[in-house]
Structure formats: C-alpha cells, structure tokens
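There are two complexes below, and they share chain A, which is joined by chain B in the first and by chain C in the second.
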Partner chain A sequence: MPKSRRLSNAGSRRGPLLPYLLLAPAVAVLLALSIYPLIYSISVSLQTAAGWGLGNFTRLLSDNFFLTAMAHTFVYAIAALTCEFLLGLGLALLLNSQIRGRGLFRASLLVPMMLPPVVAGVVWRLLLNPNFGAVNGTLKQIGIDTESLTWTASPRLAMLSVIAVDVWQWTPFVFLVLLAGLQAIPQEPYEAALIDGSSRWQTFRHVTLPLLKPAILIVLLLRTMDLLRVFDQIFILTEGGPGFATETISLYIYRTAFRFFDFGYAAAMSFVLLIVTNVISVFYIRVLKHETQIQ
Partner chain B sequence: MKHRFSKYVALSVALAAALAPVYWMFTISLKSEIDHFASPPPWFNFTPTLEHYYEAFVTRSFGQYLITSAVVAVISTLCALVLGTFAAYSLARFRLPYNLDSRLSMWILSTRMFPAIVTAVPLFLMMRDLRLLNTKAALIIVYTAFNLPFVVWMMRGFFDEVPRDLEEAALVDGDSRMGALFRVVLPLVAPGLAATAVFCLIVSWNEFLFALVLTQTDASMTLPVGIAGRVTQYEIKWGVMSAAGAVAIVPILVFAMAMQKYLVRGLSMGAVKG
Partner chain C sequence: MRLTILLALLVVLAVTSLSCNKDQQPSRKELTLAVVSGVEGDALKQAAADYEAKTGVHINIAQFPYANLFEKEMIDFNARTGAYDLIMLDDPWFPTFASKQFLTELTPLLQKRGQNGPDSDFVATSLAVCRHPYETGALYALPYVGNSQLFFYRKDLFEKHDLNEPGNWMDVLVAAKTIQEKENGMYGYVMRAAQGNAAVADFMPIFWAFGGEMFDAAGKPTVNSPAGIAALEFMLALGKYSPPGYASFNADEVGAHLLQGTAAMSINWPAWISKFDDPERSKVIGKIAFTVLPGYQRRGQAEIGNWLIAIPRDSQNIEAAMDFLVWATSAEQMKLSALRGNPPTRKSLFQDAELLAKHPAYPAQLRSLETSRPRPRTPQWNEIENAFGIFLSKANSGALSPAEAMNQANAEIEKIVQRGQ
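== the complex of A and B ==
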C-alpha cells in the first residue's frame, strides 16, 4: 500500500508534463520539415527580380502553360477517378460473396498498387513501345493495324495512355476499400429489402449505396488528392510530352524550379496547387461528416 | 449458374490485367536483346539469361543504388516509428486542455495532405543551404517527416483498441506510465507496429520526387532515381532497366504479402478498418 501511494504521487508530479513530452519531438520535426518549408516557400514566392512583390502571382494569370497544365491535371484526375471508381465498385460488388480463390485474387491485385510508381512507368513503357511492346505486338497478331498507335509518343493518345496506367495501378485500391466497406454492412437491411420484394437495383440504390457512402467518400478523397499531385508515372512515361500534351501541374512546377531554376515562380504555383487541393479535401470532409451524422 | 460463371470470367480478366504487365517486364529482364525485338512478342518461349542483371548490378551502379535505398528506408522508418509511437500514445491516452489533443491530431494529419511538390521546392533550398544535397541524411530526414503523420494516425488507432484497464492494472501494481507502455501496451500492439513499419518501408522505398530533387550523384541516389535516369536518356537499355525494376519490386511484394491483413487500413491512414 505505501508503495503504490508513493508511485501515484510520483505520477501526479510528472503526470501533467508527460503527454507534452511524448508529443514534443514529433511536433518539432513536423514544424521544422512541414510548416517551416511552407513559410520559407511563401517568402521565396514573394521575391521577384524586381524585389519583393506579388509579381509571381500576377504572372500566373497570363501564363498559358500554367493554365494548360492545370487543365491537364483536372482532365487526368476526373477521367482516372471515374474509371477507377466504376471499375473498383463493379469488382467489389461482384466479389462481395463467397467465391473460391478470393485470397489469391486479393493478393494478386496488390501487385500493381504496391509497385514503385517509377517501376509502373517502366512496365508500361515496355508494354506501349510502338516497335516491340506487347500491346502493339498482340494487336498486330489479331490483325489490327498498329501503324498509327504510337501511344505515349502520340499527341492524341499520350493523355489516354497515362490515364490508363493510373487506372491499372489504382483500381485495386478502390476495389479493396469498397470491398471492406461492403463487408461491414450488416445483413438485416438486406433481409428487410428481400421481404419487401425489392428488385436488385432497388436494393442497391436504397440499401447498399447509402450504407457504403462513407467508404466511397474516403476512397474518392484519397484518390483525388493523389491524382491532383501526380508526378512519378508521367515523368517516366512521357516527361509531360510529347510537346506539352501530358504536362500536369506537378511536372510544370518541377520543370520551372529544377530545369529553369525559377524558384519564386515555382513556389507561387505550388501555393495555387495547395489551395486547390485543400478546398477540394475540405469539401469532401464536410460531406463525409454530414453523412456520418445522418447515420 | 450463369451468374457464377460470369463472375469467374470477370475475375480472371481482372487477374490477367493486373499481373500480365508485370510479368512482361520480368520476361524482358530475362530475355537476350535479340528476343526483345522478336515479333510476335514471345511471352513464354525464350531462352532466359541473367546478362541484364549482371550488367545492372555488377557493371553499372545499380547495386549501390539498391544499398542506398535500403539504408534510407530502414533508418527513416525507425526514426518515424520512435517519434510517432510516443506521440500516438500521448494522443490516444491523455486529454489535453482546449481540445489540444484532437486539434493536434488533425494538424498532424493535414501535414500529410500537402502535395509533395509543394514542400519539394523549399526543402531543396533548405538542404542546399545546409549543404546536405546529395547525402543520404537529407533523404532520411525528409522521409522521417513524411512518414511521421502516418505512424501517428495508424498507431493511435491501434492504441485506441487496447483496453485501458490493462494499463491501469499495471499502474496500480506500481508500474510507471512508461513502464506500462513498454511492458503492457506495446506487446499488445506489436502486430500493428509491424504493419506500420512495413508501410513506412514501402513508402520510403517507392518514393521518387524528393529523391529526384535531393540526390543526383551515384553515391547518393536511390533505386527509383537510378532507374528513372536510365529511362529518360537518349538510348534506353531496356534489359538493364527491367532487371533493376524487377529487383526493386521483390522486397515490396514480400512485405505486402506479409501484411495483407492491414493493407486497406494502412493505405487509408486508418480511415477504413478493413
């Protein structure tokens, strides 16, 4: 008894400080390496050749390359997100029942999304190579003329190619999250729908979809954030080319900073990207909070 | 019956679509250069050779990039785990005044949401001023900070699942807070800790943009930067690149299979407990 009293006294002496001591190192590292760089970046963006000012920001509005890169980013994000979501949802619905070999299936689907994005880019450069790639080789075998199908080298097909690679790599992620969401739905609402004589579509529309909404929103949020900042695969597959055809905003910022060494302008552009992604994520989180409150 | 059949067809198509591209790269890495250009492309009948692996890892510097990647991934993962686990424990167990604990959690999460390119520019300038460009230390520091929010969120989730009674029993028995953490709580969350560690390893191993910006010399670059450097050059050595790519995949696959159970949770930062 005396022993425990002594220790609880010691605990209360150190107690109020302990939570802060445990947090301090992590908070310090994040302040130094996430927040300080942002502040540093603001000051860099406000420095122009003519001295301090908003020159880098006003320049954005008349820079057609910037506006085009933004447009590419949105086209890329919307197209890839739509495909990944529809394919992932379809697969999840199809496989949300007992089937043989599900473990093997899940394990195989991990492969694309765990790949380093650089290696995913290499894989698809090999496949899409017009001269010896497996895609054109296979098409030729079944009698399709591949003369004009130069994929990443074609201004017309390059964007389509990089979107397809993203869909290949990330549909499994959407599938896995939605499958987890589906499996968390209890059986009762389905039994009720069955008794009511609802059709399959009605059950999906009025039971599955509302209950799956939180999982859907989370997966859309995470994918949107990743898609808007896409860099690695496009850098490997096309380097933003041919010409400017697949240049997204991250690539344009990279080029501005590390090829043209215009750090101020690059920093200004990166703030626009930061604000855009923030606005979109706040929107998603609002909807998500609203949805979970209803339930 | 018909429905069941269509299910297996869809499944097989999805499987083939996921795996065939990666298999194709493996075949390129094992084919001699003549077979690369054969038409129609040989998927199975070719004579395998290890010449590209020899060239990549013995003649060229890919062996060195591989070691750099491993060193950076392991050290940064350890640092992030130590810092992150303590912070997560604090957030999971103590209520701070002014709602500080939940505000800090959200702030920590938000730092992970920054697009990488936003911090890449100032981090490059900072590392240049500190004369840390082209060093492993630069990457270790950056990856530690990058993985930290992830560790905090994952571990907080795992700590929340441990009943408080267990620690309180240890405290009553005369253990200190830290003693209870090390002797009672950590052993219980060990599987979660391991899964979190594997995730950090994978993220650091795969990371490209920071590595590209911060390391450009043979002695400091990681495997993805080394591979990318070969792709964008005028003449592309397909065999060498595929061999390097194949080697880069192997540890990732082993790790991913080992922690399948936590995969969805990890990829969604704990938002979905699949």
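== the complex of A and C ==
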C-alpha cells in the first residue's frame, strides 16, 4: 500500500509535466519541418525587389500565365476527378460481385498505380508519340487516319492526353478505396431491401451509396489534393506545352522558383494554391463529419 | 535490440566524423567541381582524374543533369556556401551569374601568371561570351566546349534532286517542298517547337536572318517588328514540311527523324554529328552534310551554346582552382576533350590534322562558331526565353496567328524587363 501511494504521488507530481515531455519530440519535429518553413515562406512571399510588401500578391492578379495555369489546374482536376470517380466506382461495384477471375482483375488493375508518375509519364510519352508511338501505330493498323492525332502536340488534344494518363494511373486507387468501402458494408441492409422488394437501382441509391459515402468522400479528398498539385506526369509528358496548353500551377511555381529564381513570387503562388486546397478540403471534411453524425 | 542499433549508429557517426576531420587537414589540397552530365561533363571529369594523378590535388566531382545544374549553382551562390571551386556553366547563364557578381574575375589571376589575358588561340566569339558586359567587359570564365548550331541536310537527296547547298532560307523552303513531294515517306524539314528553349533555339537563326532583333538600342523589346512577324510566318510555312506534332518536339525527336532517315533537313547541335555514323542507330551513315546556317535579309548566324568554366567568388581555393582551369583549357587538354567528342574553343584544334580526320565537320563548325551570336545577354534570359517559347509554341501549334503571338510575346517580355529594372 505505501509503495503504491508513493508511485501515485510521484505520478501526480509529474502529472502535469509528463504529457508535455512526451509530446515534445513530436512538436519539435513539427516545428522544425513544418511550422518554421511555413513561416519562413510567408516572409519570403512578402519580399520583392522593391522591399517588403504585398507586391507579389498583387502581381498575381495581372499575371496572365498565373491565371491561365490556375484555370488549367481546375479543368484538369475536375475532369480527371470525375472520370476517375465514375470509373473507379463502376469497377468497384463490378468486382465486388461474384464474377469469375476477379482476383486476377483486381491485381492487374493495380499495376498502373504502382508505377512512379515519372515512369508513367515516360511510358505514355513514347506511346503517344505521333510518328513512332504505339497508339497511333495501332490506330493506323485498324485504318484510322492519324495525321491530325498529334496528342501531346495539339493544343486541343494535349490537355485530354494528360488527363487520360492521370485517369489511367489513379483510377485503380479510387477503385481500391471504394472496393474496401463496399466490402465493409454489412449484408443485413441488403437483405432488408430485398425483402421490401426494392429494385437494383433503388438498392444502390438508398443502401449502397449512403453507406459508401465516407469512403467516397475520403477518396475524393485525397484525389483532389493530389490533382491540384500535379507535377511529375505533366512535366514529363508535355512540359506544360504546347504553348502553355497544359501548364498547371505547380509547373509554373517550379519554373518561377528554380528557373527564374524568383522565390518570393513562387511562395506567393504556393500560398494561393495552399489556401484553395484548404478551402476545398475543409468543405469535404465538413460534409464527411455531417454524414457520420447523421449515421 | 534498439540499444544495439543506437550504439551501432553512434559508432558509425563517430567514425565518419573522424574521417571527415582527416579530410579537412590543410596539408591536403582539394578542389570541388560542379559538372554537367553527358559527354561535356565526362570529359572534364576525365581531365580532373588525370590532373589528380599528375599533381596529387584531390578533385571531388559533383555531377548534375543539365536541368538541375543551374539551380544547384544558384543555390550555392545565394547561400554563399563556397561548396564549388570550379563550375561548368552554359553560356546563357553567364549574364545572370556575372551581373550578380557570383564569379571571380580571371584577368588579375592570369596577370599573376605573367599573362595579359587569355591567349589569342581561343575563338573570339567564344571568349566574348565569357566577358561581362559582352565582348568588352571583364573576364569571368574560360570557354571549354565550343558548340554552335549547324545546318544538317541530306546531301544524297540534294544531289538526287539537283539541289544546291542552301544559302538562304528561301532555298531551304524550296528544297523542303521538292524533297517532300518527290520522296515517299520523307519530310522536307524537321524542327522543334516545344515551348521554352526548344522553340526559341530553332527560331532565333530564322529571326536574325530575317532582320529581327529582340531588343532595340534602348533595351525595349521589338520581337513584334515586321521582320519578327515575317520570320514567324516563315517558320510556320517551313513547319508544313515538318512531321506532325513538331510543336511538342525536342532535340530527341528531331534526332530520331534524322537518324531514321525520315526528314531531310534541320538545325541542330554538333553533339549529334557522331551519332549519324553509329551503325546501330543510324540509317543515314555518310548521307548527312553539315554547313553554316542559311541567311536571308542578313547573313546566317547560329546561336552559340558554349560550355564555360568559372570560379565562384566564394571558393576557398581560388589559386588552386585557377591552376586547374588554365590546365584544363590548354590546347593539349582540350584536344583530349575533343577526341572524346566535344568541339574545342581553340582555332588551332579546329585545324589539327588528327582531329580533322576524326571530325570532318570541323571546318563548317569553325565557320559557324566564328560567325555565331549569343542569345540576348540579359540576367532575365531564362524568364524571357520561357515566355517567348510559349508564344512561339502557340503559333506553331495553331493556337495563335504569327502576329498575335508576336504581339503578346512582346507585351510579356516588356513586363519581364520592367520588373527587372
């Protein structure tokens, strides 16, 4: 008894301090790797050649390259997200049912996701080469005129090409998360729906979709954040060309920082991107919280 | 278990820090070189190994791909770490480095060695890009690799169709049309118009030949002058004889078309010359001729693209670095570099019998280098080239008319110039 009292006394003496001590290493790492760089980059973004001020931020508004790159980023993100989500959901529903050889399908679907984006970019750059590439080669074989199909070199097709590559690479991820979500849904609601005589569409609309919502929101959140900061594939595939047609905001930030060495302006653009990403993420998280509270 | 790992780590740390201390002993001379990946940097790397064997000065090599070298050097200069004693640099970067006083002036160091300046064997245009301001200013680097653009054409097809070596751009257009119409599966010309460096590099010789100037005497951009617009219109006319998709081509695609024998003419850099004789890759062995760039309103001028070597201002070993720099750019050492495939920057080597036997294009290369022109000498060149390249690429991909593209490019370049003032 006295022994245990001593221990508990010691505990209460150390009590207020101990949690902080245990947290300290994590806080130190966070400060060093996250908070300090963030504050530093704020101060960099407020410096221009003329001195301190908001010059870098006001310049954003009159910079056509920035505004166009921002628009491209949204077009890219919305189009890729829509395709990836619809395809991923379709595949997940398909492979969640008992079809023959679904193990093989599932495994092979994951291959694109395992490639580093740079490798995917190089592979597709070769495949889409208008003169020597496999895509036009195959189309020619089946009798399609490929003269105007210059893929990454045409201002109309270049954006489509980079979006297609993203869809090719990241649909498997959406599929994987949604499949996991589907498999976590218990059987009982389906049985109840069956007894109530609901149609397949009604079951999907009123049972599957609501129960899958948390998984859907998580995958949309992750993909949106990724799509808004896309860099590697586009850099390899088109370098933002032809004539700026596929330049996204990350590419422009990279050029500004490491080609033109204008870190202040690059930091300012990064901040705008950070804020945009945060606003969208908070929106998703709010919806997600709301959903889970209802349930 | 964790304790053992921790102990092992500590031991490793202790040993490495000890060995670091040993390296820092002042008795042992050491230099660090930043070089580019590829044949240019490899030659200097080899020279460094020879130098180490000869003098005992240990040379560390930091090798980076072209795309990263500039940023590594800039970061080193800005942080003033003095990490590199010698750097390789592409000549368009020189105005940025020199105007910010990142480099050591070389003339006083040469004078200490009893020389008034660099010797007169260097090609004048190669030395001119090592001076800030251009041609007349102080010397901050020495030229190591003497690249300048060349005009490549299929001499077998020119003979077959009774065409003469093109002297001006209109001859080029006629030849492109003739060959494309008469040869099956053959494009008359291949150019690269990917945004950025590629489009600008292929356009500048046309722009200059048509009488275009990027800036007037007061430094205001003038790319949308009638001559500039006419030059871009001509580029598009020539583009009709270039393989589809050239608006995204870079040097690799241009090289591939020439090697495969699917295009008859192009502008390219000398590094490609030896590849045409490689039986494993080339279908055009002995069929390609090299000459200086065509003219039009003015004589033809190539872009110069020399690799220079300089000593950063913050180097701790400036004297030792200068010893190596003078040695590496001597005729004897540069000849070894030339035998490894790099064009020299010394006139005597362009006329060296052994090198001429190995590189039959040397006479054309020397003529091209001697008449070459640098890209506009401004510290903001990277930004200007990027903007100009975007609008050239837009015109070539059909998104803008030549006049619109040049007007918008001019406005954008003006903004960049104003920001720099």
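Simple rule for what comes next: the second predicted complex is superposed on the first by the 270 of 295 C-alpha atoms of A that agree within 3 Å, B and C clash if a C-alpha of one lies under 4 Å from a C-alpha of the other, contacts with A are read in each partner's own complex, and residues count from 1 in each chain.
Going forward, contacts are C-beta pairs under 8 Å (C-beta built on N, C-alpha and C of every residue); 3 or more make two chains touch, one makes a residue touch a chain.
What you see is a predicted model; the values in this text were computed from it and never measured.
Visitor: If we overlay the two complexes on their shared chain A, which of chain B and chain C does A:T238 touch? Say first, second, both or neither.
Guide: In the superposed model, A:T238 contacts chain C only, not chain B.
Visitor: As a test of reading the superposition: which chain, chain B or chain C, is in touch with more residues of chain A?
Guide: With both complexes superposed on chain A, more residues of chain A are touched by B.
Visitor: Is A:F132 in contact with chain B, with chain C, with both, or with neither (first, second, both, neither)?
Guide: both
Visitor: In the overlay, answer first, second, both or neither for which of chain B and chain C A:L110 touches.
Guide: The first partner, chain B, only.
Visitor: In the superposed arrangement, which partner chain does A:F258 touch: chain B (first), chain C (second), both, or neither?
Guide: Touch partners of A:F258: chain B and chain C.
Visitor: Applying the touch criterion given at the start, work out whether A:Q187 contacts chain B, chain C, both or neither, answering first, second, both or neither.
Guide: Neither: A:Q187 stays clear of chain B and chain C.
Visitor: I'd like to know which partner A:K140 touches here: chain B for first, chain C for second, both or neither.
Guide: Touch partner of A:K140: chain B, not chain C.
Visitor: Once the shared chain is lined up, is A:S199 touching chain B (first), chain C (second), both, or neither of them?
Guide: It touches nothing on chain B or chain C.
Visitor: Examine A:S148 and indicate which partner it touches, taking first as chain B and second as chain C; both and neither are also allowed.
Guide: The second partner, chain C, only.
Visitor: If you lay the two complexes on top of each other, which residues of chain A touch chain B in one and chain C in the other?
Guide: 131-132, 239, 258
Visitor: Contact residues on chain C for chain A in the complex?
Guide: Answer in residue numbers: 70-71, 74, 78, 193-196, 243-249, 253, 256-257, 262, 380, 382-383, 386-387, 390-400, 412, 419.
Visitor: For the complex, which residues does chain B have touching chain A?
Guide: So the residues of chain B in touch with chain A come to 7-8, 10-11, 14-15, 17-22, 24-25, 28, 36-41, 43, 83-84, 86-87, 89-91, 93-94, 96, 101, 104, 108, 111, 113-126, 141-142, 144-145, 148-149, 152, 171-174, 176-177, 202, 205-206, 208-209, 212-213, 223-224, 227-228, 231-232, 238, 241-242, 245, 248-249, 252-253, 256-257, 260, 263-264, 267-269, 271-274.
Visitor: Given the complex with chain B, which residues does chain A contribute to the contact?
Guide: 3-4, 7-8, 10-11, 14-15, 18-20, 22-23, 25-27, 29-30, 32-38, 40-41, 44, 91, 94-95, 99, 101, 105-119, 121-127, 131-134, 137-138, 140-141, 168, 172-173, 176-177, 179-181, 183, 215, 218-219, 222, 225, 228-229, 231-232, 235-236, 239, 249-250, 253-254, 257-258, 263, 266-267, 270-271, 273-274, 277-278, 281
Visitor: Of all residues in chain A, which touch chain C in the complex?
Guide: 49, 64-65, 129-132, 147-148, 150-155, 158, 238-245, 255, 258-262
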